[in-house]
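Notes follow the structure.
When the chains are written out, they are named A, B, C and D in that same order, and each has its own residue count from 1.
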Amino acid sequence: MDLGLTGRSAILMASSRGLGRACAHSVAREGVSVVINGRTADDVHEAARDIASAHGVVVQTVVGDATESDVQDELLEACPEPDIVLLNGGGPPLAALADIEPEQWQDAAQRLMISPLVFVQRVVPGMRERRFGRIVAITSAMVKAPNPALGLSAGPRLGMTAVLKALSTEVVMDNVTINQLLPERIDTERQQYMARMIMEQRGISWEEARAAQASMIKAQRLGRPEEFGDAFAFLCSSQAGYISGQNLQLDGGSYAGVF
Amino acid sequence: MDLGLTGRSAILMASSRGLGRACAHSVAREGVSVVINGRTADDVHEAARDIASAHGVVVQTVVGDATESDVQDELLEACPEPDIVLLNGGGPPLAALADIEPEQWQDAAQRLMISPLVFVQRVVPGMRERRFGRIVAITSAMVKAPNPALGLSAGPRLGMTAVLKALSTEVVMDNVTINQLLPERIDTERQQYMARMIMEQRGISWEEARAAQASMIKAQRLGRPEEFGDAFAFLCSSQAGYISGQNLQLDGGSYAGVF
Amino acid sequence: MDLGLTGRSAILMASSRGLGRACAHSVAREGVSVVINGRTADDVHEAARDIASAHGVVVQTVVGDATESDVQDELLEACPEPDIVLLNGGGPPLAALADIEPEQWQDAAQRLMISPLVFVQRVVPGMRERRFGRIVAITSAMVKAPNPALGLSAGPRLGMTAVLKALSTEVVMDNVTINQLLPERIDTERQQYMARMIMEQRGISWEEARAAQASMIKAQRLGRPEEFGDAFAFLCSSQAGYISGQNLQLDGGSYAGVF
Amino acid sequence: MDLGLTGRSAILMASSRGLGRACAHSVAREGVSVVINGRTADDVHEAARDIASAHGVVVQTVVGDATESDVQDELLEACPEPDIVLLNGGGPPLAALADIEPEQWQDAAQRLMISPLVFVQRVVPGMRERRFGRIVAITSAMVKAPNPALGLSAGPRLGMTAVLKALSTEVVMDNVTINQLLPERIDTERQQYMARMIMEQRGISWEEARAAQASMIKAQRLGRPEEFGDAFAFLCSSQAGYISGQNLQLDGGSYAGVF
């Protein structure tokens, strides 16, 4: 299926590893030139080389935390007229709701809600003018069903979702769409890290820890990063311009609610 | 993007025209052999010739109302082991809720809820055994926000959605996914028919009637059938196996709710 | 809190036992004359005596299955101008989705969706004319999160919910509200019956079976029927006229979704 | 209906006027001693006198902005063991999403999400220990359907809702419930202020402006503050302990979504 993306450009936050990198691969494969970003220079450059050699597109790099204002400046210097933006970033640590300090709430609100919204404010006018924009935020299965141990990220992320929904209704008339992808247990390094934690905590084998993870998903398996990347590519496609304001769950069919 | 569908087979209800036909085109283009169905023989055969010549895949035809048991038999005779099933069918007429007769409720329940569920019951066991299945139902934007004039279809369609959701959690472990597509104002013959009605009712021109339709959508335009077809193709793809139980709205960003 | 219901009248389907009876008690206590209904004459008459003696209101009885047309006639003969209607009725048996026969679907659609809607069609015009109406349907926690073993009731019940939602937007201007109550594990005879089944199946004691039930609820207890009845009474109150189209869950805080 | 609240105590944020004051009246009528709060001393003292004389309960006052830490200290000094907490506060000004400055996002996040959550963290442990707690937040119809002009409040408010949902599942086992009330066009001074703005903007009369407001609501009228207060009182009642994590809309039946 031709996604009509050849020659487009994308800024992909936190794309040197994991879900973000899978998204970068999927759109680069479709002919999109990409800006790869991450906090660790080595990771960023390795990812950039990998993507460039695999897909033969222009790949730029910006090292730094994309929730910070000056890194956002650099992303826009590298690609002043992005057609595609991936909003992505690491979540805060697990924390019992009772123990969260005001500073942690403020930090989470800044990083997971305010900072991406400020970046969206900067790119939307140009996208509208150029009559093409695809903004996709990676949130979490949890925004629909918040987990007490993850309240610190669920709150700001759902807050961001509400603002993006409101904004989406205004900008879709100019072929600018805003959607969210809600992953649950996609098999990135993070899941592998969590599997090792389960091994230690329960004194079980790697295989048992992995099976325990798979059993939490209705599909009885973890998701594959490339499945996630291709869903991203589809939402970015030229033929997805009538799809906006959606929360697409990639959760192996696990969410219990009808909507 | 390679959807991994070459050599797959699909039964597509009500696919001789409109949304169903667009879905047929999109998967046939990806190498899927299709069973085209519709109530009018001429339409069915014309659509079949069109699709076969455009995409070079095997195209079979079954003429008849796919909500009827014997037509469902014929569909399964033509394609006993479908990989893909599109649940689709015309809605009931507009009716004020106060005026609907018990027989109309029964008929709508039969056609929009029970009949598709019975067909799903028939195809699911084989899909599970073969470890591949993609079931997609076309419902309506209205299942999330029911319109009083369309209660006769909103009720049974949301009822079907609930049962499909329940079923989806059981079968996704065998790589059988069940999703819904929720169209609003995709530019098929039906929208053109409605535009002509608006012309007459309001005494306005074709262009004005079309503009009136577009203005009801946040995107300020109607959707294109091929956009709809490609969303269907994506949900049928091999890489969409981790996406199930979803209600994807193709509504030009019009739905007001966060979820 | 004065609910402003003195002198009002109510038709309460399936109110001789369980949740329906609790609803009858709560509104009778507020001065509402009630029509008690159930399929077993002894139960109906015993409930009627109990309610009349407890609250000193007029209590009428109609024996029969309120999903049947002639029983609906009798309900309206007993109370031709009801201010309050409780839509309630037993659910269909548990059934694996794969095994459900077309006739079972039809029967469930008739009893859980069509029959209550037909009754609503009959009472709404008078309620609108009299500028007061409170229609409450007892559905289930499951309409928001359908369980595979209960698809036979989840489907039709959610279908009914969609139609009632559509209708509610039309009639609220005349002070007619339509809401749903979604119970989960309220401690009626049904839960006690299920506890006995658990005892037998697992070979555990009554106390263990009850504890097992409580542990499925976030509140770590079953709900009390009178809690349910009072929520019903509140939704029927004169001061609840601005609340319509709502699905209020009485589930001990168990539902995981934000909405 | 006896709400079982005699002798209970409540901290009611922003209760000197509008919705908060209506809530104070409704629970004071049920025998709850209340702490009245607001930013203007005269308003607070006038409200306190009014409520004390109407209901004969103990009324305390705390003047100040309840989103500020030291005012929260004072509220807890006045009532160290509250049974009931109303989370309430004025929304931020209308603002086009494109124009919102980072500082405005931070301020809105602090006042509408973080500050109430911090207060909840402080009161919940005692409520759990005492086995009774009723926390109710006034949010807005908008959290389910965000309006572009109100993104600045919709985002943080929905963020808070997500965290409260997560928390609610942990604390309901100790008879501590957390729910939200979602008002739309309840007839407080704010609506009257908005009516005057409409008069000026459109050059229409007061009656026309009021009719314009009513026409935006399916009930064709504004809500009454006392209807809102009584819904609050019901959610605080002893018999509402099985209701938690709910978003109850008081919107005259206006929300279009099924859920």
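Rule of thumb we're sticking to: a residue touches a chain if its C-beta (ideal position, glycine included) is under 8 Å from a C-beta of that chain, and two chains touch if they have at least 3 such contacts.
Note that the structure is a prediction, hence the values are computed from the model and not measured.
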Interface composition of copies subunit B and subunit C: same or different, split at half: same
Reference subunit B; chain at largest CA-centroid distance: D
Between subunit B and subunit D, centroid-to-centroid distance (C-alpha), Å: 43
Gap in Å, rounded to a whole number, between the CA centres of subunit D and subunit A: 34
Chain centre separation (subunit A, subunit B; CA means) in Å: 30
Touching two or more other chains - residues of subunit C: 143-144, 146, 158, 161-162, 165, 169, 256, 258-259
Subunit A-facing residues of subunit C, complex: 143-146, 158, 256-259
Touch list for subunit C against partner subunit B, complex: 97-98, 100, 102, 105-106, 109-110, 113-114, 117-118, 121, 124-125, 143, 146-148, 150-151, 154-163, 165-167, 169-170, 258-259
List of subunit A residues in touch with subunit B within their complex: 1, 3, 26, 29-30, 144, 158, 161-162, 165, 168-169, 172-173, 175, 177, 186, 218-220, 223-224, 226-228, 230-231, 233-234, 237, 239-256, 258-259
